[in-house]
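In the two complexes below, chain A is the common chain; its partner is chain B in one and chain C in the other.
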Partner chain A sequence: MTPMQRGTRIAGIGAFLVVVFIAVPMAIAAAHRTDLYYTLSSVALLSIASGGVWLTFYIGRINIGQGAFALVGGYVSAILVTAYGLSFWLSLPLAGLFCAAASVLVGLPILRLRGVYFAMVTLVLTEVARLSALALSVTNGAKGITSIPAPGPIGLFGLTIVPAFDTFAERNVAFYFLSVTVMALCFAGLWRLVNSRVGRLFAALRQNEDLASSMGLNVPALRVLAYAISSFLGGVGGAIFVAIAQSIYPSSFTVNDSVNFMLNCFLGGLGYVFGPMLGTLVLYFGWDLLFQTGQYQLLIYSGVMILLILLLPNGLFSLRLPSRRSS
Partner chain B sequence: MAPILQVKDLTKRYGGLTAVNEVSFDVEPNEILSVIGPNGAGKSTIFKLISSFVKPTRGEVTFNGEVISGLAPHTVARKGVVRTFQETTIFKGMTARDSVIVAHHLRSHASLFGFYLGSAAARRDEADFGRSSDEILDFLGLGAVKYEIASNLPQGHLRALGIAIGLAANPKILLLDEPFAGMNADETSRAVEMVRAVRDRGVTLLLVEHDMAAVMKISDRIVVINFGVKIAEGTPAEIRANEKVIEAYLGVEDETIGL
Partner chain C sequence: MEQVIANGLYLGAQYALIALGLTLIFALMNVLNFAHGQMYVLGGFVTYEVYGLLHWPFVVALVASALTLAVLGALIERFLFRTVIKRSEREESTMLLAAGVAYFLDAAILLLFGEKQRGVHKILNGVFIWDNLILPWDRILVAGLAILFIVAFILMMQFTKPGRAMRALAQDRVAAQLMGVPVAFYGLIGFALGAMLAGLVGGLLVTITGVNSGIGGPISIKAFMMVMIGGAGVVGGAIAGGFILGMLESVGLTVLHAYGDITYLAIFVALMIFLAIRPNGLMGKPWG
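Right after this comes the complex of A and B.
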């Protein structure tokens, strides 16, 4: 990496952090649109889950099952907090780890499938998760889990680092900062992963699994690793979502969400780690903007999606490339 | 010397079709052994059986005295039995150099987590792999194109890259499936030299190849397969004179063939 590239990168990261942590809250305050905190938190959380889906694309698998892990992560956190009185802050990583462990069990058999076969099975997973949540007693069936307490304070040596969310005048501000912080951490981790040797091994799997295994790569283990990280992100996203809503139902994440997670990746660009973030933002607000068009909302939305995929097969992020090349 | 690889009564049935039928042969250390035979004879299937990509219906493969049939393909590769493929033997979207670096992975000392965090061992590995990759790429005449995306390379370079990727995995025995396919005479003779040079590095080579002139030139010994059955084994001179082989290739006995 040349010093100039490094400079550009640091500037990019800095600009991103300034926008997310300073400019957006200032703009929201100026416009008196505190409702946007909730919307933007949703975008951040959905993009974390989409980031996981992106990683499964990265090893060459079409994943339409992330809704299942978002749902499972949400339930794990909700149950730990309500039934076991655990702190939300502990339940969050546990929800992610539970999803990662579950995805190892599920992934070992199904990751042998490729292409449309894998995609179909993952689609079914979302339904399986929903039906299980309906049927089980620990999830409280169709009634779901409600009145989940807001995250408590985080203290260290008697010092309060994060105050209890209930003490905020506007709870959604606290959730916004939580969501974007976790998003920034997740994508930093993902970026590091893809740019490390692990990422290159994943890329090798995508390009030629047979050759990779004849070079001694433990292909089944690497596939499961990618899938576990993906599901971890789904679980974490789902858990925070549930904390914001303070409730979870079997229909909190459905096949529709699974499909959207995948579309976010397509839209942002499969070749760019930060693609899912951009894709989620554009898709989320695009859908909302089309609300005015009433009955034509879905029609216009689908048409625009098809056009975008035809015109920009490498996603929105690819728009940025020509300018970079000329510089 | 004890054989490095032993193939014993190897049989593979696909439904009613017997692709490989009771084939046995030994591979001596550091020799170049070619497996030849008409299309569909079962040569690639023998490679798949040796590299453990498919499980034999009967029989077994022994590497340095240890049975390797039934192990996972990556375990077999880690033991030093490395195979390239007849069709695509490259990572299409990567640069030549990156492909060779990736193929070094089983030599790494650092854990995956170490690579993620960039530990000292990982940085040492990365540096070693980079050096070793450059050496292998130069050795196979790919030094000038190492930063090209693999799928943009011409056929001759692709085959060389396939061999480079194989070499990176540190094989004791390298299985090359049709390494000279799609090459003109010039490229083939250069590739033949390349394969010899690989042998001189101490690697044993097992080849499947249709180019008879190249096979006769390069091989220490040849095994001939027809309809899944071994019909002959011997030096190039012996194979050239073998009646059964001539028959298998032409279906008639008295025609001169270009062996």
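Right after this comes the complex of A and C.
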């Protein structure tokens, strides 16, 4: 990498952080649109989950099952907080780890499937998660889990680092900063991962698993690793989402959400780490903006989507950044 | 028990016909048609309009359903899928397109036909009773028609020129092209045929279960499951998958009734275990 490229990259990251942490809150304050905090938190969380889906695309698998892990992560966090009185902050990594562990169990057999089979079985997985949540007693069936307390304070050596969310005048401001911080961390991690040795191995899996195997790579272990990281992201995103909504139902994440996570990745472009973020932002706001069109909302939305895929089948990022293709 | 098996066969015949269309499109175009359930719903509504509202003969309504969907399928293939397959770097992009088409049809159906559950008057009255087996005549007729269509489809694939061309296309696209098969044309025909089958089942089933605009997605998921059980892209597999799912559903609803609404959960879990042992389904061929 030349020094100039490095300079551009650092400037890009700096600009992104400034926009997300300073410019957006200032703009919202200036426009008196505090409701946007909730919308933008949702975008951040959905893009975390989409980032996980993107990673499974990166190893050459079409994953339509992220809704399952978002739901499981949400339930784990909700149950730990309400039934066991655990702090939200502790339940968040636990939800992610639980999803990762579950995905290892599920992934070992189903990652042997390729192409459309994997896509279809992950789609079924979303339905399994929803039906299990309905049937089990720990998830309280169709009634779901409601009035989940807001996250409490984090203290270190008697010093309050993060105050309890209830003390904020506008709870959603706190959730906004939480969501975008986690999003920035997740995508930084994802970017680092893709550009590491393991990332190269993942890319090798996408191009040809048999060839990669003949080079001495432990293909099944790498596949499961990628899937576990992907599900971890799904679980974390789901857990924070549940904390914002303060409730979770079996229908909180459905097949539609799973398909949307996949669409976010497609729209942003599968060759770009930050594609899912852009894709989520565009799809979510596109949907919101079309709200005024009333009954024609879905018709226009899907029509635009079809047009986009016709004109830009390789994602939005392929428009402006042809030289940064990572594949 | 006879009742359960008869219900399973009746369901299976419908399901097999749905799965056939999906697997045909997949085999020819390598496209997973997310919009298959929506095409089924559209077929149901066309029959509802023609037979239920206009009171024209049922056969006319079925033909109208089939024709509408065939034309729609041909248009979708010609103007959407063909373009995207040509321009896209990764073939997964067709899935995005298919999902977009599914949403679009969902929205269009909702706008055109409303969100109400629609049914039509019975095509046949009376009930067939034999020992402790009870089946309404219209169900028997619908199941019989479905089996007739399946047989006709198989005969067409086996013995006619378009059928042979489509089988060649499914086996090896490049080789078929080199042998002088007009690949693009038969891709179009295949897509239209697959969509037509979905429309036909929709038209058949509207006489029994009715139709509403929200069932497209769940029907697609069921169709995916049948294709997975039998093996994607294989005609025999789709038929087997359809009958197996119909039977599982019928038996499951009876046996597991006491434990609450867990039939589908059980079927899903069984399917995942089955696929772990046999990743390509019953008859599917492995591919990368």
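As a working rule, the second predicted complex is superposed on the first by the 321 of 327 C-alpha atoms of A that agree within 3 Å, B and C clash if a C-alpha of one lies under 4 Å from a C-alpha of the other, contacts with A are read in each partner's own complex, and residues count from 1 in each chain.
Basically, a contact is a pair of C-beta atoms (placed from the backbone, for glycine too) under 8 Å apart; a residue touches a chain by one contact, two chains touch by 3 or more.
Owing to the predicted nature of the structure, the values given are computational and were not obtained by experimental measurement.
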item: Touched partner set for A:Ser214, first chain B, second chain C, both or neither; value: first
item: Which of chain B and chain C A:Val121 touches, first, second, both or neither; value: second
item: Which superposed partner A:Ile309 touches (first chain B, second chain C, both, neither); value: second
item: Chain B versus chain C as contact partner of A:Leu105, first or second or both or neither; value: neither
item: Between chain B and chain C, more extensive residue contact with chain A; value: C
item: Touching partner for A:Ser196 - first (chain B), second (chain C), both, neither; value: first
item: First, second, both or neither for A:Ala169, with chain B first and chain C second; value: neither
item: Overlapping contact positions on chain A, where the chain C interface meets the chain B interface; value: 210
item: Residues on chain A engaged by chain C in the complex (per definition of touch); value: 57, 62, 106, 109-110, 112-117, 119-121, 123-125, 127-128, 131-132, 134-135, 209-210, 255-256, 259, 262-263, 266-267, 270, 295-299, 301-303, 305-306, 309-310, 313-314
item: Chain B - residues contacting chain A, complex; value: 51, 53, 72-74, 77-78, 82-85, 88-94, 98-99, 101-103, 105-106, 108, 112, 115-116, 118, 122, 126, 165-166, 168-169
item: Chain C to chain A touching residues, read off their complex; value: 26, 32, 34, 80, 83-84, 87-90, 92-93, 95-97, 99-101, 103-104, 106-108, 110-111, 217, 221, 224-225, 227-228, 232, 260-262, 264-265, 268-269, 271-273, 275-276, 279-281, 284, 287-288
item: Residues of chain A touching chain B in the complex; value: 192-193, 196-198, 200-201, 203-204, 207-208, 210-220, 225
